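What follows is chain A paired twice: with chain B in the first complex and chain C in the second.
Right after this comes the complex of A and B.
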């Protein structure tokens, strides 16, 4: 495009030199200092391209790696801190499992409690959240939309506020207040929306409604349809919701901090305790423990989730059967 | 396989969704064993009518639906013993082909051995035996369609309801399956209501066709009635292609730009509702219609109408000519495929008198 038409070249010169180039623009064929340089600029720019791109790519890598480092280094440092003999003297002081063992002996009750609370929370959200999500997705009334809005409130409000509300109303029931169920209730309030939303999304989207009509046409009552058609086909949503509920429950701190008693310390509360009152190495070892405990859970749930939707197996099967699809028989 | 069939009667069935009338009060009697096709453009109320019969919708107050002597108006679909094939098939992705076909039998607690035998029989009938244990997502469109049909038939329904069952398939497969479906429905002898917007399907499958438009029944009749004796323009224009000759009526002739056509005597119009034709003054503006295949090319000197070729379209078995200059609107005439005519060629056309259709 450079210097392709004399008219455009003249216009360009006119733009760049508005004051003194009137004569030049009147006679576009007259040689001007800029026109011979323009064809030369083309090849040079083309030669410069690969290196520019290489620079860009290098820059992108640099930014990406720096960002990753920014996020990962503290995690690595924290893990290392939990394994070194003395954090302030650094790794040169030697590596040890002493802190981990110490944390386990002092806080293994928290591990079990956290798991129990998470399991109970999951059970309750499954029993209430799945039907609720289904009904909300089905209902077109204004009331259903209002309920949906209210369900999200515990996420929007600080956990502190929900916890205070629970304490004010139920704090007086001592047995309840002292039991892990009190924390479970808090966690249900906080995690239920995630289950309901995940299930509602699946129920609202897919052609679940037509599937149900199909089942009904074959004589299935509502309960049978729900058990044999709705639940199996809503499984991706249910698994996604369950994953969210479990991880949120295990990691929940705000609300749990307010609700816990010395006997009902969950993992995150214990973590805050150790950092606040013990050596940094113990706190860091606690982080490792947390990590070791939640990772298998997350991986298991993720694996289960992918498998449950049938997406992993389906994509494989689709590749196999794609040839057969052309065959009308 | 032979199924018992019942007649279906709809009495004053209307349907209103959120204050919008989608179906005007409708009376319909479907004979036992009859295949009735509901035909119409989308939004004409045909699917709503089917869903009323199925029990997926309830008619507005006053409407009544009966299967034989059995008033089913208040029964939900699961108690009506109908077989339904959905446009999307609604096959259960969590079950295999066998699981889908056997679902209804399982719900009815049919003894396992009997259920297995029935499913095997249907698998054989639908040529699906080789695919019995595959999940649904491994089947082709045509196979899915047959699974859906087998699943609906497995429970030996009183009535078979089909909601555009071939629409999701490509054209060639649709043609093949249409033939198969026709043979199957004749063999089963079950009362069938078939919804479609495809006139070829309606013509081939229907004992009678109900043409619907804007929530109303326009005409009920045999495929031939609908095609050759449409009662109004909506029907005539929706089913097939139709030409309009507008002109001046004088002495039993319709005179238009390219010539004159003798009009049929009022009595000869096959009893269709041609109030406009019979009450119109003997002289004055008038119009008459005919199908593209009912006109033939004739020597321009002796032809009823003279015009010229505007365009031709070779369609294989026939050539479709568009002829200008013969009537106020271009006329479409179908001739044998081998006839080749250049654009602008002067032509004459003649139309059999009893092929002329008078419409209100």
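Right after this comes the complex of A and C.
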């Protein structure tokens, strides 16, 4: 969709100001939150303080555009850097795909590994998280609330701690330690709560109990009801959760850096390596590769109104998503 | 409450896989980590760690940095979020998409973005060289980390602010304005209180994420004195597993406590999204 393209337009007019977005915002920040003007502001309001309000609105616009520049200018810069022959001399040295090709020949393993890890993580979180989300949404007991509390702990605590804990207990099992499954396990622990919450949120908002009672009264077994009622109804949540899991797994670094071995380097690990030891053009080209990989997921999330916390920002597009979108597995 | 369509054995059966994964790969490892951190005599080990000035200054710096990032992010995001939530204008969807584009960036990429802005060959350095004759380079320090966490948090918080702002009742503000309230009074007495549950939740997540984030600091410089970096150095360079474990537990407790506090304050579910 129009949105996700990084470099379009809005940043250009502000490309001198990313740092000012921090400093400049401090002055207008205290008064300007009050500026949102009402569409229905009557003549009385306009007479009261026209200049103040205009000034505040301008400040609000300024902050917003500066923030936008702050977020997008470095993205555009890194894309340019990855395509320039020599970044020190600037774009005038010419554009080239050389760095991208070099990065691909050197690091394509990490791209495939990341995709494999993400797919495995998704499979496991689907198998374990979807039923769990459904149970937690249907159960109103105290025990269910406690279980829910526990299941989200891995995202409330720093990933570094989870990774160290995994190393302490499983680090000695060399075959497991050396295999990509070790990373998958870390990703599953970290992403499972997102799947559980997304599914539970959708299950809780639709009246599954009534539907299931109807089906049960007509003789449907539990398994039949689960396949024909629960899963179709939970589908928007499953899709949202799956997108969040894939995005998080592909970008996961905090755990992965501790868990990886020289043979199991995922994309973010490779990125960290390149940033530390290679010339800036290579790092930038590698970053472009990362953008290309996550772009489809981002577009899908934006389209469905899923935010990165794995919850649907609004239920408005639910009908659309369940009608049009196939599971991305 | 007995629910005939969902017998207990099915509940247990459906919950079991997730619980098994959680217990085997998080709860038990965490228990082992806690045990390791005690090193046989928990009290003296933890006392030694908690009175060590280097670790405590590192913890203090992390808390101050996270709090500063949270405050700055909330202020900036409220300003931009209110604008985006309440006005219709051309290219609004584009602007929104640009502001939320970095949502999927991991910490390492955020670090690289900071280097692009404020690094040795960064934009700010190049501009300041032209304007003042001085090359400003601050990416590889605490201020670079501040910039990075700001970069990471702003898109997330803007999304939350927009979600809360669309639920605001505009008639309250009109009433206040017709009674002669100034913009600042309306903001303080009506808009901010209405947004506050969402802001507290988003702020807590922002704080918790900044406390535990590792990738950005790792990309910028390995000698930035924040707790995750300290844990990492203890673990890899000094092979001091006991201290690394103990510090991770302390970091975990502080983060969890902030989230729990925020939740009791806002009354809604809060969880970190790293």
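Quick note on the criterion: the second predicted complex is superposed on the first by the 233 of 329 C-alpha atoms of A that agree within 3 Å, B and C clash if a C-alpha of one lies under 4 Å from a C-alpha of the other, contacts with A are read in each partner's own complex, and residues count from 1 in each chain.
Following the convention adopted for this analysis, contacts are C-beta pairs under 8 Å (C-beta built on N, C-alpha and C of every residue); 3 or more make two chains touch, one makes a residue touch a chain.
No experiment lies behind these values; they were computed from the predicted model shown.
Contact with neither chain B nor chain C is seen for A:95 once the two complexes are overlaid on the shared chain.
When the two complexes are overlaid on their common chain A, residue A:213 makes contact with chain B and with chain C alike.
Of the two partner chains placed around the shared chain by superposition, chain B is the only one that A:232 touches, whereas chain C remains out of contact. Set side by side, chain B and chain C differ in how many residues of chain A they touch, and the one touching more is C. In the superposition on chain A, A:139 makes contact with chain C only, not with chain B. Judged by the touch definition given at the top, the superposed model places A:178 against neither chain B nor chain C.
Touch criterion met: A:224 reaches chain B, while chain C stays clear of it. In the superposition on chain A, contact of A:165 is made with chain C only, not with chain B. When the two complexes are laid over each other on chain A, chain A has residues 213, 215-216, 310, 314 in contact with both chain B and chain C. If you check the complex, the residues on chain C that touch chain A are 1, 3-7, 10-11, 14-15, 17-22, 25-30, 32-33, 36, 72, 75-76, 78-80, 82-84, 86-87, 91, 93-109, 111-118, 121, 123-124, 127, 136, 147, 150-151, 154-156, 158-159, 163, 170, 173-174, 177-178, 180, 182-184, 186-187, 191-192, 205, 208, 211-215, 218-219, 228, 231-232, 235, 241, 244-245, 248-249, 251-252, 255-256, 259, 271-274.
Residue ranges on chain B touching chain A, taken from their complex, read 54, 56, 76-79, 81-84, 86, 88-94, 103-104, 107-108, 127, 135, 137-138, 140-143, 151-152, 154-155, 161, 173, 176.
The residues of chain A lying in touch with chain B in their complex are 207, 210-211, 213-221, 224, 228-229, 232-233, 310, 314, 317-318, 321, 324-329.
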